[in-house]
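In the two assemblies presented below, chain A is common to both, partnered first by chain B and then by chain C.
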Partner chain A sequence: MSRHLSLIFKNSLRNKRRSVLTILSIAVSLCLLGVLMALYHSFFHSEAPEEQALRLIVRNRVSLANPLPLSYKQRIAGVNGVKDVMVFQWFGGTYKDARDPANFFARFAVDPEKLSTNFPEYKMSEDQWKAFLSEQTACIVGRKTAARHNMRPGMRVVLAGDIFPVKLQLTVRGIYDADRDNENMFFHFKYLNESLSQGQMDHVGTFSVRLERVEDAGMVAKAIDDMFRNAPLQTKTETEKAFELSFIAFLGNVKAFLLLICGAVTFTILLVAGNTMAMSVRERVREVGILKTLGYTPGAVMGLLMGESVAMSILGGGIGLGLAYGLCAVLRESPSMFTDMSRITVPPPVALIAMGVAAAIGILSCVVPAYNASRRPIVEALRFTD
Partner chain B sequence: MKIPLTYNLRNLTVRKTTTVMTALGIALTVAVLLSVAALVQGLRTSLQASAHPLHVLVTRKGSTAELNSITTPEQFQTVKAKPGIAKNAQGEPRVSQELITVVVLESPENPAGINITVRGLTAVGMAMREDARLVEGRMFRTGQREIVVGRGIAERYPMARMGRKIEFGRGYWEVVGVVDAGRSAASSEMFVDLNQLAADQGRQSALSSILVRAADQVSMQALMNELSSDRGLNLDAQAEKAYYEAQTSSAAPIQIVGTFVAVIMAIGSSFAAMNTMYAAVARRAAEIGTLRVLGFSRLGILTSFFIESLLLSLLGGLLGCLLVLPLNNMQTAIGSFVTFSEISFQFEITPQIMMVGLLFSLIMGATGGLFPAGSAARKQILVALRQG
Partner chain C sequence: MSEWVIETRNLTKEFRRAQFKIPALKNADLHVQKGEFVALMGPSGSGKSTLLHLIAAMDRPTGGEVFVMGQDVGKLSEGAVARWRNAHIGFVFQSFNLIPVLTALENVELPLKLTKLGKSKRIEHAKKALDVVGLSDRLHHAPRQLSGGQEQRVAIARAIVTDPDVILADEPTGNLDSGSAQDVLTLLGRLNKEFGKTIVMVTHDPHAARTASRIRYLDKGELLPEGQVPEDWALTIPAKE
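After this line comes the complex of A and B, so read on.
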C-alpha cells in the first residue's frame, strides 16, 4: 500500500505546474463554495442562540411600516408565558452623511430599563448601565460600531430622523459587548416619543417580548395574535429568528440564488478537475501499458489514477476551506445589514460537505479517463501516441 | 510573418473535449456575472421607466421615501397654487396628493408574504400615470372599497386576481381591474380611492406625498426651488427621476455577492485555461519547433498561442451569453429598503451586458494564456523538435 502511495505522490509531482494549477483552481472554487454554504447555513439552518430563542417580535399584521398603539404593551404583558415586553422601535435616520454606507448601523428606541433583561447577552459595566438609565438623552452603542466611529462615553451623537421628523441629540453613556450583533445603538423611547407630534406619538413599530420558557413560543405568539384578532390593528407575532429571515426574503429569493450559485461553482470545479485528469491520464497511456506488463491489474491501475486525482482534490479542498475560514473572518468584521453575518463561520457540517464535494470531484473527474486507460489492451496502450 | 488564425481554430477543434470543458467552465463564470448584471439592469430600467421627466415628488422635509412622508390637505392647496404646474383639459392643475401604505400579500413562492405598495389617489393622479393602461376590468369608483392592481401583482399573487377580495385595514377590497404599466413601478403597485384609504387608515389629515407635473423643463427647476425653499410649507421637492434612481441601491447586496462570486470563479477559470494552454503548448512542442524552422518568429508564436487562448475564452464567453439568454424578460422582484415594499421587474439582457460578459471572458483568456504563450515562444528549436 505504501508503495502505491509513494507512486501516487511521485506521479502528481511529475507535472508540478499542472498539479499546482489544478489544486489552486479547486482551492479557489471550494473556498467560494465554503463561504456560500456558510452563508446559507447561517441564514437558514442555524439554531437561534438560547437568548434569542426566548424572544418574540410583535408587529402590525399589515406591514412593518404600519405602527401599533403603545397601549398594546400592557395588554401583551398580561399574556400567560410572557415575562416582559419592551418597546423596540426602529429609528432609521441618518448619522453624519447617509450616502456613505459606513455610516449605517441600526438604531433602536427602547425601554432602557428592560434592555438588560430582554437582551441579557448585552454585557456592560454596572456604572454604564446606571448612566444609561438615569439620563433621558443617553444612548449606548455596540463595541464594533463604537470602534468604527470612534465613539467614547461622553461623546455627543446627532441623529437626523427620516421616518420620524426629529433631530435627536444623544450622549454616549456606554459601550456594550455581545457575541452577536454588537453593532446597534439603543436610546430611550421616551425621548423619541416626547419629541414627536400628536399624530405620530404613542405608536410603536415592534415590541420585543421575552418568554418565560422557550417551549411556549408558539403558544404565546398565537395567544397574542388572537387577543388582537378583532381589534382595528391586528398583530403578527413571530420568533426573532423568523423576523430576521423575513428581511432576507425581502432581498429576493436568496435561497434559490445561493443554491444556484453553489451549483454553478461545483459544476465548474468538476469541469476543471475532469479536464486536467483527462489530460494527465492521456499523457500516461503508454505508461499504463508498462505497468500492466509488469503485472498490475486493471483495478490496481485504476486505483493509482483515482488515488492521485482524489489526493489532489482533497488537498485543494483543504486549502480552499482554510481560505474560506479566513474570508469568513473578514466578513465578520465588515459592516453588515444582517446580524447573522456578524458571526458567520464555516461550521463543521459545512466543512464536512465541502470536503465531501472535493472527494466526489476527485472521483468523478477521473473515473471515465481512468477506466478507459486501465481497460486498454497492453499492446494498444504501448503503441499509443498522444 | 503571422501565423494564420485558421491554425488556432483547427487546433481548438482537434481537442474537442478539452476545449469544450475549458470553455464551459468559463461560460458558467460569465453566466453568473451576467445574471447579476441582468438583474441590476432590469431593476434600473424598471425604475427609470417609472419616472416621468416632468414629475416632481414633494415629501415632508427629512423623509427619504413616499412611505414615511406626511403632508396635510392645507399643504396640498398651497402646492396646487404654485406657478409652473401643468394643467389638464379641464384646466385643473395636475397635482396629486397620495396616501401610500403597504400590505402583505402571500404567494406560493413566499408563503410568509411580501410587502406590496397600496396607493390611494384621485382620478387626477391616475391620469398622471399615462403609461398605465387598463387591461382588464375597470377603474375603481370613488367612494367604493375597490382596488386596481398592477399586472405584475396580478400575475404573481393569486389572491390579487380579478374578482378576488383582498383584506387589509378595516375590511375587504374587491379587485375590479388590472393595469399594465409596462416595466414601470406602477405594475407592482395597487391603486385605491384616496378618500376611502385615508378614512380606512384614519389619516385624512396626514397623507403621504404630493406628485406634481411641471409645465415644462424650465419651470420644473423653478418649481422645485420654490417648493423646497418655502419655509411655511416645510417640504422637499425632488425630480421623480432622482427619487427612483436612488432605489437602484436595493439590488446592491445581490450585486456585491454576485460580482464577488464571479470574480473568484474567474480566478479558478483562468487557472483552468492556463492548464489547458500549457497542455496545448507541451503537446505541440515539435510543431512549435517546426514553425520556428519555417521562419516564424518568437513573437509570432507568442501571439498565436495568446490568440488561441483568447479564442478559447471567447467561445466560453459566447456560451455564457447563450446560457443567460433564457433569463431575459423573466419576472422577478426585489424588496426596496426605500419604500419598504416590493418592486417587481424583469431581467434584462442588453447588448452592453453581453459585451461586458465577453470582455470578462477575454480577461480570463488573457491571464490564462499569457504564461503558456510565453513558454511556447521561449522554446529552443532543437529541444522543441526532439520533444513529443
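After this line comes the complex of A and C, so read on.
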C-alpha cells in the first residue's frame, strides 16, 4: 500500500478547492464533536479528585430554593463518619455590572474557620488565612478570578445581593490557589447572616460535609437523610460531584442532549463527505478503467479510492482536534458556573474516539461509490464520460 | 500448448441493449505468431476494439476462447486476470489515457508498482522505457505539459515497461497529427523489429497499417479470411513493405 501513497496524495489534491472545503468541513465538525465529547467527558466521566470525593452536600429535599435551618449543622456533625460540617451558602449577587459575563464568579458564604479543613486543596499563606479569619468582612478569592479582576489583598469589593436583600462590603484578605476551581469567592456566613432580617436569618441552602473516609460516603449520606426523615424539613445528601451534576441537570437532560448533537453532527458530516466522495469517485471512473487495464485488481482500486477518502478525513479530523484543543483552552479561561468547565480538555480517549469517527467517516462515505467503481467492467469504465 | 502467441477460437461477443442483442464479434479465429506485427482494419463498428479488449481480457467473451502464450485467459479469476494482464499485456489507447496528476516518469512507473520491484529498480526500468521512446528529457513533466505525440509515447513507454509478451494498440495514431503519428508508428516498428515485440494494432489509416507485417480485416463483427477485404472497402489495399 505504501508505494501507492503518492498517487493517493496527488489524487486528493486534484480538485484542490473541493478537497480543501471537504477537509475543512470535516475539521469544523470534528472540532465541534471533540468539544462536545470533551464536555460530556468532563461532566460524566471524570473521576472526582480525592479531596472532592471526601465531601458531601446536604440540602433541602424539596429543592435548592428551599433552605434548611442553621441548627441542622450541629446534628449533622454528630453523625458517625462525619469529620466536619460547614455552612456552604450560595450567595449569587452581582459584582459591578452584572451584564458583563466576565463579572460572573461564584460567591459563597461559609464558616471561614472550617474552609481549610473542608477544602484542603485551597492553598493560601498562613498570614492570609489568619487575616481572613480575624475580620468578619474579609473575603478570599481564587487566583484566576483575582487575576481577571485585578483583585489584591486590601482591595474593597462590594457585592449587591439578589437572593438576599443586602449589600456586602467586603475586603479581600487572601488569594488562594487550587488546581481546579480557583475562581470562587468566600466570605463569612456570619456577616451575611447578621445583615439579614429576623425572618431570613439562620437559614442555609447547603451544608458541606467532610468525611472521615471516602468509602463511607453512601452510608453517611443515608444516615444524615434518615436522621431528618421525620423532621419538618427533610434533607437530600449526595456527593459533591453528584451535586454538581444535578446542577447542570437544571439545563435539561444534558447527557441525552449532548449525545444527540454529537450524533447529528456525525450524521451530517457523513452526508456531506459522502456526497463529495461520490462526486470525486464519479470523476475517476475512467481512471479506474485505466488502472485496471494496467493490472490493478478491483481490490487494489478500491484500496486507492478508500485510501484517498480516509486520508482526507483523517487530515480533517486532525485539524478539527487541534481546533478543539484550542477551543477548550478558551473555555477553560472563560468564566463559568461549572467547576468542570474550568478543567475542560480533550482527553486522549476522546481524541482517539474523534479520530476513529473521522476514519469511519472516510470509510463509510466512500465505500459504496468505491465498490461500484472498482467492480465496473473495464470496457464500460473506459467508455464512461461524466 | 500452441506455438501461437495469440490464438482465438470461435471468439464471440454479444452486447445486450435492453432486449436487443448486438453481435459485436462473431466466431473470430485469429492466430498471431511471436514477433508478428498485425494490423486490424475495418469500418467503424466492425468489432476491432472488441477483439482487442477480448485478447487483453479486459472484457469477457460470450462464446469461444482466447489463448495468450498458451494460457486460456477465460479461465482466470478476476484478480488473477488483472495480474496476468499486468505481466503479459501492454495496452495503448487512442486517447493516451495517462493519469493527469502524475508525471511522465510516475505514469510509466505505475504498472511496476504492482510488481515486486523496489523503488530504485522501478525508476530505473521506467527511465529506460522513456529512453526507448525518446523522452528522457521529459521525465518530470505532467501530461498536460506534453504534446499529443509525446503523451502517446509516454503511454507506449508505460505499455512496454513491464516487458510484456504482447502490445495491443487501439488506433494509437487516431488523435495525432501526421508528424507525431509517424513518430509513433516508427516507434512501434522499432519495438517490433529491435525488441521482437508481438504487436496487434487497430487502425483506420492505410499508411499506418503499412508499418505492420500483416493486415486482417473485420466487417460487421466478422474477421475476414486472410487477404480478404470488406466489400465496398473504398480504400486501396496498402502494399506490404
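Here is the rule we use: the second predicted complex is superposed on the first by the 386 of 386 C-alpha atoms of A that agree within 3 Å, B and C clash if a C-alpha of one lies under 4 Å from a C-alpha of the other, contacts with A are read in each partner's own complex, and residues count from 1 in each chain.
Note that a contact is a pair of C-beta atoms (placed from the backbone, for glycine too) under 8 Å apart; a residue touches a chain by one contact, two chains touch by 3 or more.
Note that the structure is a prediction, hence the values are computed from the model and not measured.
Peer 1: Return fit or clash for chain B versus chain C, each positioned on chain A through the superposition.
Peer 2: In the arrangement built by aligning on chain A, the partners chain C and chain B fit side by side.
Peer 1: Name the contact category of A:232: first (chain B only), second (chain C only), both, or neither.
Peer 2: The first partner, chain B, only.
Peer 1: Is A:299 contacted by the first partner chain B, the second partner chain C, both or neither?
Peer 2: Second partner only, chain C.
Peer 1: Once the shared chain is lined up, is A:4 touching chain B (first), chain C (second), both, or neither of them?
Peer 2: second
Peer 1: Kindly classify A:13 by the partners it touches after superposition: chain B alone (first), chain C alone (second), both, or neither?
Peer 2: second
Peer 1: Using the touch criterion from the header, give the chain among chain B and chain C with more contacted residues in chain A.
Peer 2: Of chain B and chain C, more residues of chain A lie in contact with B.
Peer 1: Between chain B and chain C, once the two complexes are placed on the common chain, what is the minimum CA to CA distance in Å?
Peer 2: In the combined three-chain model, chain B comes within 12 Å of chain C at the C-alpha level.
Peer 1: Can you give me the overlap between the chain B contact set and the chain C contact set on chain A?
Peer 2: In the superposed arrangement, which is not itself an observed complex, chain A uses no residue for both chain B and chain C.
Peer 1: Looking at the complex, which residues from chain C come into contact with chain A?
Peer 2: Interface residues on chain C, with respect to chain A: 53, 56, 58-59, 78-79, 82-87, 91, 93, 97, 99-102, 106, 110-111, 113-114, 119, 158, 162.
Peer 1: Which residues of chain A touch chain B once you look at their complex with the stated criterion?
Peer 2: Those in contact with chain B are residues 17-18, 21-22, 24-26, 28-29, 31-32, 36, 61-66, 98, 160-163, 165, 199, 232, 242, 246, 249-253, 257, 261, 264-265, 267-269, 271-272, 274-276, 278-279, 337, 386.
Peer 1: Where on chain A is chain C touching in the complex?
Peer 2: 3-4, 6-7, 10-11, 13-14, 286-287, 290-300, 377-379, 382
Peer 1: Across the complex, what residues on chain B touch chain A?
Peer 2: By the definition above, chain B touches chain A via 17-18, 21-22, 24-25, 28-29, 31-32, 60-65, 67-68, 70, 101-104, 109-110, 112, 114-115, 168-170, 205-206, 253-254, 258, 261, 264-265, 267-269, 271-272, 274-276, 278-279, 283, 332-335, 337, 340-342.
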